[in-house]
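In the two assemblies presented below, chain A is common to both, partnered first by chain B and then by chain C.
Here is the complex of A and B:
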């Protein structure tokens, strides 16, 4: 279970429920919804009030994944989605105390 | 704030620490080696999921320890000499450097002054490269233990950023003793 949760850093986020928990821009805190698209630097989140584009860098997100809630820093996912498979696994392999 | 000690204490008063990391071989282990080859052989025998500290008595062992993924913390001792390149490498490889108080208690006069000088240089380089570091008593017996405030005040006099030290200590401990912590910036909430 833990290893599948770890893979969140390397997988695609489209379709996942997400909430912005920390951000240098206070107006972004609390933005919650489903991720509809993703680029290298941003996440496009469909909220009740419409589509919001949120930068990844410097933000912290709460993600609902596999019936668990995970808190993840945007700095760890600041790659192109297609690159993240390789880079995400690389980050996990390099991190200490993590079994991949 | 956590204290990193080398013995198993009994009946301790409240010294202001959240908890103690004891290098007794069960949840944390301290390795000593005379050369790089010996260190490599000892590291091969260690299982995963244990906090590994290396007592670097010579620069060769320190450098080898920092290059190893299994090593989490470079423990302090009187003979340890950290140079510019080693501290820079520690920042890149995410190996925490321990700044211990016990070597100052054990030393005298001119030897202690030399240690102060070396400490000041090390702290300058640590601050430059933002190397993870912790401050602790590095106690080998109960007489070398000090309160949290005493240790923090001592090292802050030499220019240590105590908040960073606390954060680094928490990171190292959470890696192995918190089930919800995966890595920096990534943790399970519910």
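Here is the complex of A and C:
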């Protein structure tokens, strides 16, 4: 479990398949597709119906990665994609009970 | 005691991300101009931030001025006086590469 967490939080999600599972906005639930771009607060997801821009904060995402499906809260990844490597690892180190 | 950064691990992840982003920019260069540019820019930012060098092929695969990967129908390659001159036809920025003299096998 720790390898997947490390690999998922400490990298940007460009190229991964993603689905929105929970969101304060009901019309966002169910948006699924490949992440095309990422900013500090949003994910740009390419769905069948076109490009959708979804905020990260307050949403929960299902991510398909290394033949596993992981549910991650968007609050953990509100960083710029180039910052994600460093800040993601620091976040994991600070969390109690997680060994990197 | 302040938490220490694991710089080796960061550099390892950065190398993987740079390779993957450059590959994606080559795939998207015919379909989306903005995305291909964005992936090259991101790869460069990651390389600068974590002090990881790109390979020579990666560095030479895009225009340094407009950050768009070179494509066969948007570049001009000329050879003059033992130099290769590559011009990007998007922004007209050109750059030169030195050619090393080939050592022959006949001794």
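In the analysis below, the second predicted complex is superposed on the first by the 96 of 100 C-alpha atoms of A that agree within 3 Å, B and C clash if a C-alpha of one lies under 4 Å from a C-alpha of the other, contacts with A are read in each partner's own complex, and residues count from 1 in each chain.
Please note the rule applied: a residue touches a chain if its C-beta (ideal position, glycine included) is under 8 Å from a C-beta of that chain, and two chains touch if they have at least 3 such contacts.
Predicted, not measured: the structure shown is a model, and the values here were computed from it.
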### Query
Superposed on chain A, are chain B and chain C clashing or fitting side by side?
fit
### Query
With the two structures laid over each other on chain A, which partner does A:36 touch: chain B (first), chain C (second), both, or neither?
second
### Task
Identify the partner contact of A:14: answer first if only chain B is touched, second if only chain C is, both if each is, neither if none is.
second
### Message
One more residue to check, A:51. First (chain B), second (chain C), both or neither?
### Response
neither
### Query
Touching A:62 in the superposition: chain B (first), chain C (second), both, neither?
first
### Task
Applying the touch criterion given at the start, work out whether A:86 contacts chain B, chain C, both or neither, answering first, second, both or neither.
second
### Message
In the superposed model, which partner reaches more residues of chain A, chain B or chain C?
### Response
B
### Task
Considering only touches as defined above, state whether A:5 meets chain B (first), chain C (second), both or neither.
first
### Message
Between chain B and chain C, whom does A:71 touch in the aligned arrangement: first, second, both, or neither?
### Response
first
### Query
Thinking of the overlay built on chain A, is A:95 touched by chain B (first), by chain C (second), by both, or by neither?
first
### Query
Once you lay one complex on the other using chain A, what is the shortest C-alpha distance from chain B to chain C, in Å?
10
### Overlapping contact positions on chain A, where the chain C interface meets the chain B interface
94
### Message
Could you list, by residue number, the parts of chain A that touch chain B in their complex?
### Response
2, 5-6, 9, 60, 62, 68-73, 75-76, 91-92, 94-99
### Summary
Residue set of chain B touching chain A in the complex reads 48-49, 69, 72, 94, 175-176, 182-190
### Query
chain A touches which residues of chain C in the complex?
3, 5-6, 9-10, 13-14, 16-17, 20-21, 24, 35, 38-39, 42, 45-46, 49-50
#### Entry: Residues of chain A touching chain C in the complex
10-12, 14-15, 36-37, 81-83, 85-86, 89-90, 93-94, 100
